[in-house]
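First chain written, first letter: the chains are A, B, C, D, E and F, and each begins at residue 1.
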Amino acid sequence: MRIHLINPNTSRAMTDKIAVTAREVAGPDVDVVATCPEPGAGPAAVESHTDEAWAALVVAQQVAAAEAAGVGPADGGEPDGVGPADGYVVACFGDPGLDAARELTDGPVVGIAEAAMHVATLSGRTFAVVTTLSRTLGRARDLVRRYGFEDTCVAMYAADVPVLELEDAGSAAREKIAELCERAVRDDGADTVVLGCAGMTDLCADLTKRTGVPVIDGVAAAVGLVSGMVRMGVGTSKRDEYAPPPRLPAQVLRP
Amino acid sequence: MRIHLINPNTSRAMTDKIAVTAREVAGPDVDVVATCPEPGAGPAAVESHTDEAWAALVVAQQVAAAEAAGVGPADGGEPDGVGPADGYVVACFGDPGLDAARELTDGPVVGIAEAAMHVATLSGRTFAVVTTLSRTLGRARDLVRRYGFEDTCVAMYAADVPVLELEDAGSAAREKIAELCERAVRDDGADTVVLGCAGMTDLCADLTKRTGVPVIDGVAAAVGLVSGMVRMGVGTSKRDEYAPPPRLPAQVLRP
Amino acid sequence: MRIHLINPNTSRAMTDKIAVTAREVAGPDVDVVATCPEPGAGPAAVESHTDEAWAALVVAQQVAAAEAAGVGPADGGEPDGVGPADGYVVACFGDPGLDAARELTDGPVVGIAEAAMHVATLSGRTFAVVTTLSRTLGRARDLVRRYGFEDTCVAMYAADVPVLELEDAGSAAREKIAELCERAVRDDGADTVVLGCAGMTDLCADLTKRTGVPVIDGVAAAVGLVSGMVRMGVGTSKRDEYAPPPRLPAQVLRP
Amino acid sequence: MRIHLINPNTSRAMTDKIAVTAREVAGPDVDVVATCPEPGAGPAAVESHTDEAWAALVVAQQVAAAEAAGVGPADGGEPDGVGPADGYVVACFGDPGLDAARELTDGPVVGIAEAAMHVATLSGRTFAVVTTLSRTLGRARDLVRRYGFEDTCVAMYAADVPVLELEDAGSAAREKIAELCERAVRDDGADTVVLGCAGMTDLCADLTKRTGVPVIDGVAAAVGLVSGMVRMGVGTSKRDEYAPPPRLPAQVLRP
Amino acid sequence: MRIHLINPNTSRAMTDKIAVTAREVAGPDVDVVATCPEPGAGPAAVESHTDEAWAALVVAQQVAAAEAAGVGPADGGEPDGVGPADGYVVACFGDPGLDAARELTDGPVVGIAEAAMHVATLSGRTFAVVTTLSRTLGRARDLVRRYGFEDTCVAMYAADVPVLELEDAGSAAREKIAELCERAVRDDGADTVVLGCAGMTDLCADLTKRTGVPVIDGVAAAVGLVSGMVRMGVGTSKRDEYAPPPRLPAQVLRP
Amino acid sequence: MRIHLINPNTSRAMTDKIAVTAREVAGPDVDVVATCPEPGAGPAAVESHTDEAWAALVVAQQVAAAEAAGVGPADGGEPDGVGPADGYVVACFGDPGLDAARELTDGPVVGIAEAAMHVATLSGRTFAVVTTLSRTLGRARDLVRRYGFEDTCVAMYAADVPVLELEDAGSAAREKIAELCERAVRDDGADTVVLGCAGMTDLCADLTKRTGVPVIDGVAAAVGLVSGMVRMGVGTSKRDEYAPPPRLPAQVLRP
């Protein structure tokens, strides 16, 4: 089974980190591929709605490219790219391009915000979201509503630290994230905490220990959900809304 | 006062039609500008989530370009483009790129789905949406929820006709739209009908006569809302979420 | 185009102030009329549900009277009253009598609470309401729900100052209102603030400057919405609920 | 214990019928009083929002009058009216004036729509409303939402018969009501049916037998709720919203 | 009329206290019976979901036993148990077994959480719940949603005192409850307070005096609702969901 | 990794069938255990709220027993029972005892209704539930709301066939289920169908082929979710609500 993680920003370091997490939680029979756009072919980080508009297009481009590759390493041929996967993960907390990606493949596609929130509601009654920039909270709130979790999400905090600063292990950014997680548990009664950025994937274990409640990383959660769906044979429903689009613009097929 | 309508698809004919409607309903003191991307620089029509991902980026590009132009015809100088407007209308029923556009200007920005639904709730208790393709109903439903109108929207119908066929005055597509409007009034008790495509803007008067209830076109509605906001001095709140983005990718500034 | 603003309380000073605001934001082609009941023929101020019950009847009476006048100044005849308008504004924040008024005219009718909330959701993600008396917050909450804005309204504050004290420019009441607006922005993350009383119409510009976010006055908002609807030819849907009532009691026709 | 039922329309026959029902279900220790306005001092029937605006004022007037009477028959003195009651019932399905009435007395006040819906949710999972005129369904829907029963109310039907025709025992109106009750049970899965008009109070037993499910009359339900509240010493909370109004206009005190 | 209160825990003292309250508020024509399981045949107190699972079964057993008794004291025969009642009250704040109980009798069945919340919404705009253990708040929140009162319930507090300690009149537990009631009124604007435990039934009058708002006990409220329903002839709708179960396990019939 | 499926009814055949499905979809490193109560120690089938009250207790008993066993086959010792598992599945569509089970273990616990609905929302926009008895639809609706999927669940159908008849491969019951799945897709626009009974687990593949959309079995879905959670180290949050209960009654520990 192959799962393809798409990081729509151009940070190769973040993409590698995501792949490490994904491989740790994937079952022994799961092959993980993680890609991101070349520098200049996508946003440096997704920190605004404008970035996100571009990120959505990047996600569509990458799924279309993988599906169009026709043949992949597993077929023994010379692939002209990564090749189709059994399932895809949109590895950016705003879940950009999720609907478009679902049009472009028969397999399951899961966003990391979506995945983390679903798993949170299976682990406790209530969850909080702790993310990077306050300006992205509006999008996070939209997702909470879309996925049906208004009643379960009891708090949303932003550390107001730049996404890429999380890469730095000794940064004050990480301490700030930790304090917000503790606050959500103590003051808002959150049973679990959802981390609102793919770049926080390596903070999970420490934060779980520190807060005493499950701290949930969307990358790990999404890999679990997608691989479970592949195993049970459930992909994306191709009825109507997510059927292949009437036309694929060149912009998407060959960006 | 200048209002700038952005049609994110490449149909020049549809863009012209939209401009006609806008000018008819704008007050005598309002200058209307309507633009669309060059062929190949945007989707031919917005008929899928994949198209919409691209359309959102196009909207951001056009607002950024207008705002960056620095000087416009009204200043008497040699503009390097349209120049900044007092307010913007996203003239595509999925309201693509609405959030991004709000980041990129201080003026008001209103989508035509948003506008039509707001006006519908001021005219009657309940409204129905009649649109082109059933595969776009999921997006329409998302918008209904985001804008707060789940309780007011009593039916959503799709004629399953291609967007561009509406351009043809004698087409069966137009009759089908009319029948769905009648059905919404008769069977679902809709007090008003919202037309779910910018390309239907010229059908409004006939359908209002035929159904006996207000049939609402988003283009006209959006022009009314944006010009009203400009007159009362209310633009986009620049607090946090819609503040200018930390960085504008070249992709958006100069596509 | 004529827009008729109805202040259901008997304060002539407040009515005049409302008319000033309305004229400032109306387009150059809009004629504004503002009326209120004679002393003793309506509540002195609307500060309780009991006042509001009477206010609703007053609104119905004034619309019925205008519509029944048959002929107005614009016709050059001898009017027996103001004469029918193209659209009506209910200029009291509880939107009393809104449904009744819609039964009594073919034109659009918009309440100022309704108008301010609609415009707020076009300007930002979230709004707060700042009003006079805490005992009226229940009614305001009802309106927020009815109009579909529970998810958008993040705070409601009352200064607990009497409505009529706002007339006094140097009053502590005005400072208290300003502080609550600031608090809503700072502590509740309100992107905009809706002023919860027609009598605050002249505070808007100052408060916008002081808070740094759009502070929205319902009178201006309603004039914008109603005039936009008149321009696009959308009145009140006369299907069923808002059709003319089976019978008009003398009490309403000739109070 | 005295319970005062207020019918805001001027039909003395309907008021008498309501009193009969109320007395049948009241406990042996309950004294029932039922009043309505004099002809010309209230709407003939409540069949529009305009009627309802007047009805709300009438309800406030009657509660204020009863409370102001100072002394009642039970005191052995010469009452100048009915005198204060221990609790009040607003006996009109739109629950007009309910909030105002709650300001005007310390005792409990319950509307018959409210009462019937509450009892319905204690009897089964789902209920339907069957009422007289379709133009009143919007108001009924507002009440369903205000009381919290959107998920429980599965259907709303109007027989489109005039309120006063229900007085006629042999009328087709009654048969139409019965058929709608049966339809709600059969097609919509309603566990119970709420009758949407005080004038249907005498149809209850027959309809219960015919449909096989509890058919609930708001008059009986309200008497049960109000008398239960009086017995347990719970009146209207006088904190803030329902505290006595700052001023009672003469219009309400002595209409 | 006989009303049967079922306390699913084994505390005979609490059961007796409940019966006292019930008799005080029941009308003069109501016979009150209160039962609880023998020690070892039910939970000692309901303080966890595990306790509640057992409590639900106990409630079903007791209703089944009463209904099966076939003959009761009122028939003059030798009853083999309490005998069928006209209506039942589930006297435990989690309303355990409510749906099962409704399957097992034709009469009305009301839970005390349900009853208190319904009455609270008739007395004021908003209510708070004050209960014993914070671990039970999740269940209380579920009930608030099920009954439709999310918009009305403005706060939920737990004193984190054990249920049985409330029996002790001089305990600090009682003072803590009182302080939380005051806080809900002062800080959350609760118009009324619902007490979240059958064991608090005797605190009601004192807390009402201390807080100045109605403090509502579910036992009293449920007796009022059930007796009102019996008087008006409305029991449990036996359509489908609450029809007698296809089979009654011996475990329920003869535990 | 060991996953323990609990079927709370006494059908050994159904339990075996569930185990087969679970093993097919579990990863190669997952050990599946499936248990059910002895005849007489649990309901024969869960077809009423009364059955479900008992089923909830059975689930609590089985989790408590497994956890208390102290040592399991994997430890090489002589187990006094199944022994603790890494995660649990409640294999009955009403998800009985789910909250209690979460109190009794540190591992994840997922119900099959919950699991199927979560997976459905990852596969398409909308789902329908097709179940056995119409009297269980109320419970299913409660679960839909609790899990947050009111907007996503577009239809609920019951075939009104007994649970145990599904065991019979040639039965009319199976054809009826298939027809309802087709109807949900065709008439209600369901993107996926959730099967509302653990006993339908073997119908999934056929129904998926027949309807052309993913038909989702809760058993497979729950195994995927629980194993994913175990792999990522997320169990049940033990904060407050799901912390171990203050006391475990003998009834639960050793039924």
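Keep this in mind: a residue touches a chain if its C-beta (ideal position, glycine included) is under 8 Å from a C-beta of that chain, and two chains touch if they have at least 3 such contacts.
The shown structure was predicted, so the numbers you read here are calculated from the model rather than taken from an experiment.
Asker: Please determine the option from A-B, D-E or E-F whose contacts repeat those of B-C, over half of the contact pairs being identical by residue number.
Answerer: Repeat interface, by the over-half criterion: D-E.
Asker: Based on CA centres, what chain would you say lies at the far end from chain B?
Answerer: Between chain B and every other chain, the largest centroid distance is to E.
Asker: How far is the middle of chain B from the middle of chain E, if each middle is the mean of its Cα atoms, in Å?
Answerer: Taking the average C-alpha coordinate of chain B and of chain E, the gap between them is 54 Å.
Asker: For chain D and chain F, let me know how many angstrom lie between their CA-based centres, rounded off.
Answerer: 46
Asker: So how far apart, in whole Å, are chain C and chain D when each is placed at the average of its C-alpha atoms?
Answerer: 30
Asker: So how far apart, in whole Å, are chain A and chain F when each is placed at the average of its C-alpha atoms?
Answerer: Spacing between the chain centres: roughly 28 Å.
Asker: Please list all residues of chain E that touch 2 or more other chains.
Answerer: Residues 125, 138, 145, 150-151, 240-241.
Asker: Can you list the chain C residues touching chain D in their complex?
Answerer: Listed in rising order, the residues of chain C that touch chain D are 40, 43-44, 47-54, 56-57, 59-60, 64, 97, 99-100, 102-104, 134-135, 137-139, 142, 145-146, 162, 240-241, 243, 245-252.
Asker: Within the complex, which stretch of chain A touches chain F?
Answerer: Per the stated touch rule, the residues are 25-29, 108, 110, 114, 118-119, 121-125, 147-152, 185, 189, 191-192, 205, 208, 212-214, 216-217, 220-221, 223-225, 227-229, 231-242.
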